[in-house]
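One structure follows; several queries about it will come next.
Lettered A, B, C and D in written order, each chain numbered from 1.
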């Protein structure tokens, strides 16, 4: 079974390989009435785009084309098919190494599952990070829908190569991180230093992304299996290279005492709310109103010039492999956009499941527009 | 939408509230031919059961009854309905506190989502840890099915209140932890000390559970969204009080360099395999053959005698609440069985989705039986 | 894969065998706030109940017990588990015939799929018509929810053994059929005659059920695959013994000219509506507002005293089998309640998917109550 | 919720509008190892293609492009994205009539559900018969997979405008109908006469399609809700203009006596099998081995020159509308390919769910190839 569809009511299906003809997404379940054009998608793709300093020099220059589901500038409620053609694809190198699965990559798993003879080894095939272009496209639509619920989704790097970087304290800080080439709220110099060192050593570093859904409504998430924290965990752990996930204080809570670990319940504007974000804005896996805060850990880029042991799949001889080519010293930088996208997709799906977002028609008004425009205002000048 | 069903081919639906008449599970998609009786379920329920030292004194003494899907001692392929009647239920206390949602509990989220007037406040209702009885029942069936794939699933506490406890190095160590009242591989005295202190301070502690699926086949997990790591993340983060999840070295990888973070690929018995478990036995989210290792962080028990601020839901006045009653100083002890169960359920579902386990009929043979019997051999004498 | 769950947002899972300990349903996704008690379920079970003239004399006397999801007389939004214990079960006869699969019954299919050794042959096991008790229970809840949308669901027999009986022209006629032991709008004497003849010949007859959802809102159904007509087709063709399905004029339309086959569009109370019901109240598979009318054909009861050829599953010898026991001369009589139930379940699911019914909370008011009470007012006196 | 995805393991997602830029399908869950090229898809598209006598003169000349999931001529197990660009599109006419929903078409339903301002009125938009191009593409892949199970799927018209045409008695007859421009096994002259008359009267006719899956294995279908007959009903009733569905003798069984309605069970080649096809090859909704036979009724084309009453959506004034343009006098001719496709998709999905078709890898051999080639051998010369 394919596993290339995500969501219950807001359903995202993605397809495409790194070196195939194209890749894309079909977003099914978007209500009618959402203004949407290709520029909306590019705004988000641009932040994920390699070509910026310290991300791979492959010039993706992705031009998303909307093929269906939009008529006269607005969604119609029909599936939105978006395609991005693959350009600047050079597969020669992969011909040379196809018999030696790259350590840390999905190669060996695909060979074992589907058979070596059926494996598209070019650029990692379907397991390539390039697959996430489709997620970011769907995420842009999800973010736009969330604008109508008053929710803004931002992400930033809070750990790079073991060094900590600040969390966003408010939506402005979250948006500000969009302007940083390292997607940090503060500390560009420190981040650059870490990456420069990694590059110098022909090595790479891991990191942690924090995503916040600011001002989320209460009632998102279902009891028992489809808790919001569970579906966010699935969404974010499905990103390539993701190795850990936590909500609120996460793993830190394991070392705390019960008396320290609970968010107080207080009254605010005539409503009981949580004071603090230890629980990440959820109780019992259901949002209580306020910010939802999650973190995802990413391992370092596996494709580096430092060799590692592998095995020739045909001869079974062991050998060393190094992977030159165009690669990021830290995938975590690009993972920020993807983590934001998956968070937004999950929230939209749950908002529909909970009756908070009409699945058929949406009323796009000034206040939706105002929130959505914020994303555009925070774009690095070189890219906007 | 309810969200009380988990799985694609091996589907587990659970129902029931803490202080309702009964709770249960419907396991749909279990192949015909699996020997199954109520004793099989009790074996696993017993390890989760309160009544052991340092777990709540509520005498659940759960007696699961199989109502369908089993004929002449074997499953028929039809849905297996299991019921456990609630006994020893005293709800008086909850009448007293129903207007003041307990900090750290799901109360406030349920009140906001469903409305105070529709909330079953008795013992946490559906959000109670008692709900996990149904998961353990389904997990027992899943474990038994996995026996036919040669897979053993064990869990143990690797962190209690901030103190580390060893991982299981081999299946025997994993099984051995079943004999420990603290579900640790080694270090019962240390664990007891931590809990004794917590109790003395009327406080509670959090912890981390590690689950290993020993000797898992390659090919489990699907590309993109339904990666095994993603579905395990959802499964385990859906457990009450779970706040973090990681595979392999998890968050530690975020601070490592690429050159340290990759598992070598080596040849073993004529097959390329991973050396090491940095990636938790998966690449690209698909198992490569070998042990699958995940960890889940649990927050400390929220129900303690130390007061915390809350708000009266009707008057909106702030007040302090303390929650006496029968509670564990560390829910993580009981979470071990639940984490094992959710892991086993997820693996069975993926084994079916990948064509590794026939969804219609299973051949139960000596080697299945031998593996399954191991679980029974490792039962604390006071319980077996 | 089990296939024992129906629905996307309003999810019904059923379990249980004809001669097992019990059978039941778990209804997941019912919003909070619906008044519900066991009497509500019995009202509908009673009409399906054998024991009436010309239905099997097995005294099911089903007493549904609600085990979860209802608190202080109202639903809580949690899964509603309902159980019915099997009583009056005599399996001896099935021991005698278990080696000779009954023609027209599911026996041979189950034997081939699951293996003879895993087949619960007692009373047809899971394939028994008794399974539909669970459907009627879930259908009662669905009907009650539909009362809040102003929708009434009624069914009646429009063909019995080849003889036509009238359609219901309005809701009152639909309700009136509940009072008829033959579930016909008019023509009890004719129906009785047909059944008496069938019994006299030790034979059985088939028939056709028509179900109408009166006053359904527009907007139910999704484009392409999840059209309302498609999901109704699945729902109704999943009933045991169902062999055909049609909407509106159905098969008759195949013989008509385009100029005769279209419903006019006219203005009514300031709104464009269909005049006529040729299309069954749908266009493009989506309801347009008004009555939704479908029909299901049922084959005659297969268990009759007239022998038919079968084969001994072990010896492969051919032999004749006749099936005495307690059986209806026309299952179509009891199928009416089941067809109503499946229709109602499908409509509720689509109403939620289309944002027409809040999936979390429902406001039960006077006008809901008034509609719901109608079902109770039309109960045969001997049963009410 | 969109409803544009069909299937559980073999998942087909379609997108695209009649007059949009393109339309397509994403087939997720096709195992690796299936030889596949664009020619395979065209073979089936060609039979559905308008441009043949008595089907609309719109020159679709569809050229499917495979964009992903195929590498070196074989499927890889990744989602297969296929696109067909829309050409020869003229929307002017639809501008003229957009305010007057066409009787018999989906227009009014879409206007009511999504809002007039969000409705893509050009050529019926998503509700156009053109949508079925995507289904036929997915169906071609499904048919090819079924070749490896020894199953051939053919369809033919058995009723045209009220006149009966013969059923296919064997696979050869089924294939032979592919050569007929009217998709009948026998009787081209009669069929032509019917269509000529309809055209002469500027009218249209309905009809019935019969589809047979020859030599299907036993064990397809699940108990209770996901019976094969139920899923086939959904699949086939989801086709535009489908108004009725039946299995085996279908509605005819409603008028038969029990003693006539049962298929005998006999021994054939050492195995118990059904003699006859009254039940359509299924018992209890599960296939028993042999031919599966279903029928779907289609209403006449609604777009004809004979006027019908409608209402102006803005002024609410009543008026007459006639729909000139390029339309078939009988959509049933083109529905044959679509009905075959939906049948094949459903069977593949169930074959995977039942463990009869490996969901990960397929071994394509001579005997698969031989069966698949039969479809190509039966192509009208003008098209092949």
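Definition applied: a contact is a pair of C-beta atoms (placed from the backbone, for glycine too) under 8 Å apart; a residue touches a chain by one contact, two chains touch by 3 or more.
The shown structure was predicted, so the numbers you read here are calculated from the model rather than taken from an experiment.
Chemist: Quick one: which chain's Cα centre is the longest way from subunit D's?
Modeler: Farthest from subunit D by mean C-alpha position: B.
Chemist: Using the stated contact rule, I'd like to know whether A-D or B-D comes out ahead in C-beta pair count.
Modeler: So, comparing the two chain pairs, more contacts are at A-D.
Chemist: Superposing the C-alpha atoms of subunit A on subunit C takes a rotation of how many degrees, nearest 5?
Modeler: Fitting subunit A to subunit C on C-alpha atoms yields 180 degrees.
Chemist: What's the distance between the Cα centroids of subunit B and subunit D, rounded to whole Å?
Modeler: Centre separation, subunit B to subunit D: 45 Å.
Chemist: If you average the CA atoms of subunit A and of subunit D, how far apart do the two points sit, in angstrom?
Modeler: Once rounded, the distance between the two centres reads 38 Å.
Chemist: Do you know which subunit C residues sit against two or more other chains?
Modeler: Residues 1-5, 8-9, 14, 77-78, 113, 126, 219, 223, 353-354, 359-360 of subunit C each touch two or more of the other chains.
Chemist: Which part of subunit C faces subunit A closely enough to touch in the complex?
Modeler: Subunit C residues touching subunit A: 8-9, 77-78, 219, 223, 353-355, 358-360.
Chemist: Inside the complex, what are the residues of subunit C that reach subunit B?
Modeler: 1-5, 8-9, 11, 13-17, 20-24, 26, 28-30, 32-33, 65, 67-69, 71, 74-81, 83, 113-115, 117-120, 125-126, 352, 359-361
Chemist: Which positions of subunit A touch subunit B when the two form their complex?
Modeler: My answer: residues 1-6, 8, 14, 101, 103-110, 112-113, 126-127, 131, 159, 161-162, 198, 201, 203-208, 218-219, 221-227, 229-238, 240, 242-251, 253-259, 261-267, 270-272, 274-275, 279-280, 282-289, 297-302, 304, 306, 308-311, 313, 316-318, 332, 353-354.
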